[in-house]
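Note that chain A is present in both complexes that follow, paired respectively with chain B and with chain C.
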Partner chain A sequence: MSDASNVTPEVDERIKTRSRFREALIRPELGGIVGTAVVFALFLLFAFDSGMFSSQGVLNWSQVSAQFMIIAVGACLLMIAGEFDLSVGSMIGFAGMIIAIFSVTLGWPVWMSIILTFALCIAIGALNGFIVVRTGLPSFIVTLAFLFILRGFTIYLPQTIERKTIIGGISDAAEGDWLAFLFGGTLFKGLFQWLGDQDIIETFTRGAREGQPVVDGIPMLIVWAIALVIFGHILLTKTKFGNWIFASGGDAEAARNSGVPVNRVKVLMFMFTAFCATVFATCQVMEFGSAGADRGLLKEFEAIIAVVIGGALLTGGYGSVIGAALGALIFGVVQQGLFFAGVESSLFRVFLGVILLAAVILNTYIRRMITGER
Partner chain B sequence: MAEPIIRMENIEKHFGKVIALAGVSVDVLPGECHCLLGDNGAGKSTFIKIMSGVYTPTAGEIHFDGAPMNFDDPRDAIDAGIATVHQHLAMIPLMSVSRNFFMGNEPLKRIGPLKFFDHEKANKITMDEMRKMGISLRGPDQAVGTLSGGERQTVAIARAVYLGAKVLILDEPTSALGVRQTANVLATIDKVRKQGIAVVFITHNVRHAMAVGDRFTVLNRGQTFGTARRGEITADELQDMMAGGQELVELEGSLGGTV
Partner chain C sequence: MISLWKKLALATAIVATPMAVATQAVAEGEKYVLVSHAPDSDSWWNTIKNGIALAGEQMGVEVEYRNPPTGDIADMARIIEQAAASAPDGIITTLADYDVLQQPIKNAIASGVDVIIMNTGSAEQASEVGALMYVGQPEYDAGKAAGERAKKDGVTSFLCVNHSIQQPTLVDRCQGFADGLGVELGNSMLDSGADPAEIKNKVQAYLSANPDTDAVLTLGPVSADPTMLALQDNGMAGDIYFGTFDLGEEIVKGIKDGVIEWGIDQQPFLQAYLPVVILTNYHRYGVLPGNNINSGPGFVTADGLEKIEQFAGEYR
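== the complex of A and B ==
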């Protein structure tokens, strides 16, 4: 190529062809896929009889995984855009509490409470993002501040208004509410009844619900998780905006030089993260029928760990929503699997720490392979 | 002779009490490579920043395509067809060549009411444009991080050309490159010039300038000694003008003519 008049050969002899293995290794989802396979293999082997793979067991870890997935999608896109949100956990507690105060204390219709809560929380997400892009401060610090601010309000408000830290009675208020169903309802009840009748899934054999299936349908929580994963994946890989997300996290200055509205991308991702946290909170409040001041504790870190297991780089610019979803699945399965297998649940934290460290080391190695750094 | 695509007359730029440019006139013709030479601090960067709309001149006139022009914003200059390839590139190492190539200008295809990034089209164009520039990629999804410095410059130049640049400003594209990679970039400049695009090549390396330049303008302490055509001037003369004449003659004596 030193001579301009040379006809370039179709194959450059200096580029070594990469093996299929290395080709596969640089896909961000790889860690997630391998991890999921290992985790399922282990639990199928050692905990198959524990009830973990009965219809109720599957529903149990699916729901826990779905919770992780919902916040992991938001955290994933935000991390690829080059920022963190440490206020996710506090936002979950805050959003739930606000819904409870609006609908129970103030007696507003549940649908209105939910919509207003979404608006409020997304606005707080926008404020987070706005402060980060305007001041140029690390999002780590800005959102750490909001972690405390939001948690503080979540404890202060119910104590001041109701003289307690848990507000119940939301189930009664939500009865027959169309929007509440979208977060706390169950889909495909007919199908599951039919499956129960055909003896494909377990049914109750005694009591008032005799003949009804143990699992009566797909909770909306799981529907939300799947929908958000699909939305996030398409947004990231198949749209112009997805390219902007990668570019903003990869090198904000270079992206700006090419005309990418980096600040708008980042603020929108903070808003999306807040949206995901509010979806989590609304589903939880509808399921429990109450809001507690300690809800969502440490969720921000669990979301970040799921995203990192899914192959995203902490420094931004690289990652995958599918990977993050698999990370969340690994989480849910291991957390509930240990419970089913009768293992001391505190060991879950040990597992978390170990897998986080392994994932980060693997990701650093992969990054070097992609960029050719040494 | 063709009309200049861009003509800058008596450009002055003051930063407070500092006079960065004291009346510089340069015109650039389509299809020529106009080398802007100067030592560090000569005012090269200030001058091209005015040309690309980053700064507004304190005094002086800019004519673009025959009409007087005032850029308020770099975006205006880009829209008019003035593209700048910066020393520190607008390339993102972790992203694929194809995603980088179309960053900020993604091709779209409609599916129902929604618009999606047309990866097929992007990949195909990227491969074609890279082949034209003499770079063979492993695939359009190869990360920019795996390319050499010279190849990255070439990707950036190819992108600017594809996006319709009429004037291409290259800010010291060869200053951090090895011999071979420099040759690649100079070859790329030659190809771009032959497509009728005006190239403004900023450098302080006379040899690089002599290799591809059609005309040469030397800046020294915010002033210009005028523009010389290829063949009217020797490399030594350019070198002396850049250094302000006198001092370098003395220096060169002690270095045995190696500078």
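== the complex of A and C ==
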């Protein structure tokens, strides 16, 4: 795409004019916005009457997208700050298992287990960041080490303590717990019951839940995702700290020279990524009532893919939280939507590869326009 | 600018193509979805795919196979929810983790989808979630039966090669085997990972560190094939007592050559084929068998291997 030179300057030769279309392209979210529109258009076309857009279907892909969003926000801010975290998936498994061990095996109150798990996991995130900034090693390697370390513990601990790799019974322990509700509860139950009674959404036709709506509320998972996206977006675009994040990832040395506490920014972003992974894990554990050693496998890459589809650069210094959220939405809708459209599930990866490649090519093009490199 | 639009259009076309293909493939008749817990890498499930495909063809119904790509059970719960939302006539699913899967399955049943539990789970759990029946092999019992058989053959210590230690059912097999033998599981279970070279080397390392091990138990072709290579390398093949769960081409060859004592056949074909047939007949004529179906365990030894050899990896 070297046709930038086709735009001939006419008014003032010192000012390079750019068309509105090109101007709009320079937003990092644009790839995500176009992608979202295309993906929804396609699925509306090919899978409209397959149940994908029934209330149950919408909840299904929303939940999957919300899961991706939660980890994508953390991964996005970290990537803009110039670092990677490959331990996200293992952290999800680890955090869930620690909650289960605290609350079920040790019998501690669930709220205390959750708070302690958050503290522990954020501390591990800080350790990740500390090692990266102190040794100057690539975060790729340091967090890869933690990918194995945390996964190992996630298998070893329950195997040693309980002689199995899945710990259940968390639902019973979490019954009536105030903090557990914040992660596993659902909001607006009354509204949805009313919608069900009015036949606006479908209801169960048999069994113990007959007459109840198939979707009984907005899961806290989705609330968390939206809250984190808003928080991340404001932090990145409206605060001094947000500028520091961009500066740390753009050119760390230049940022240091102009007084940005680069190391602190990076460590804090590692801690935030760990926080997001723990939110993911806690929501999952509270919803499903058990923690398993295989939870979160490959989620680190899914987070990075969502962020890249959303327009962030792997090299850091450029990106947007809204873009990452749209990337997560595309990812979730494609993953679940392929099923509704009746596509062979092994083709999911082909799709993912195509979308990832298209997104990266588009993003490279955008970067060239901004920096003017050829 | 034009070239950019062209590219967008091209990208759209590329993304749209597989969907266009897919929509043509929709057939008439009832629709059944089989949801498994197996990651893409587990080749054993090929028999299941062939089983439902054959049943779908014979009964004239539409069948689909779905699985979480990494074997993550929480992802599997989403797939079941999704399957229910697409309103099929029935769902055939494993119950790999009761806590995680029970609610999605109950919801599917409550929204009018009939469910049969296959492969993993138990008859009690199947009736608790409200499924029509359970078709499969109770894993702990199968392991225990194998352990008792080995005990009779004079085995007192063993190595259990577990290629997917996160899955509780595989741990159950090892645990059952240990209980059948009457020994502690302890360090006898090896977390081998799923990579063939790694499995081979770990098995060799374990056996050279514990040379007095009487028996090796593998939990499927994923761990059995490399274990056989390991035993051939260190000269223990045919000498050490070797039993395995599940069948596959190499395993059948191993049984024939006398390297493997027995294979436990849970007959996955039946687990896939029967639920489709049962659901179809239930929906067409309202007939339903009155009990659960145990597809295994059957011990396969060197006698009568012909049919198995012919169809190993395809239908056996």
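Annotations for the structure displayed:
What we mean here is this: the second predicted complex is superposed on the first by the 358 of 374 C-alpha atoms of A that agree within 3 Å, B and C clash if a C-alpha of one lies under 4 Å from a C-alpha of the other, contacts with A are read in each partner's own complex, and residues count from 1 in each chain.
The criterion applied here is as follows: a contact is a pair of C-beta atoms (placed from the backbone, for glycine too) under 8 Å apart; a residue touches a chain by one contact, two chains touch by 3 or more.
Only a predicted model underlies this, so the values are computations on that prediction, with no experimental measurement involved.
Of the two partner chains placed around the shared chain by superposition, chain C is the only one that A:209 touches, whereas chain B remains out of contact. By the touch criterion stated above, A:217 is placed in contact with neither chain B nor chain C.
Number of chain A residues touched is higher for C, counting chain B against chain C. Within the superposed three-chain model, A:258 lies in touch with chain B and out of touch with chain C [touch as defined at top]. Contact with chain C, but none with chain B, is seen for A:298 once the two complexes are overlaid on the shared chain. By the touch criterion stated above, A:109 is placed in contact with neither chain B nor chain C. Once the two complexes are laid over each other on the shared chain, residue contacts for A:243 go to chain B alone; chain C is not touched. Of the two partner chains placed around the shared chain by superposition, chain B is the only one that A:317 touches, whereas chain C remains out of contact.
Within chain A, the residues touched by chain B in the first complex and by chain C in the second are 1, 3. Chain contact summary for the complex, chain A toward chain B: residues 1-4, 6, 8-12, 15, 17-18, 234, 238-240, 242-244, 246-247, 250-251, 253-255, 257-260, 313, 317-318, 367, 370-373. Those residues of chain C that touch chain A in the shared complex are 1, 3-4, 8, 11-12, 14-16, 18-20, 22-23, 25-26, 40, 64-67, 69-74, 77-79, 81-87, 97-100, 103, 106-107, 109-112, 130, 165-168, 171, 175, 185, 191.
Residues 1, 3, 19, 21-22, 34, 38-39, 42, 46-47, 50-52, 54, 56-57, 59-61, 63-64, 155, 159, 163-166, 168-171, 202, 204-210, 214, 284, 288-290, 292-298, 336, 339-351, 354-355, 358 of chain A are the ones touching chain C in the complex.
Chain B makes touch with chain A in their complex at residues 75, 78, 86, 88-95, 99, 102-106, 108, 115-117, 119, 131, 134-136, 138, 143, 145-146, 180, 183-184, 187-188, 190-191.
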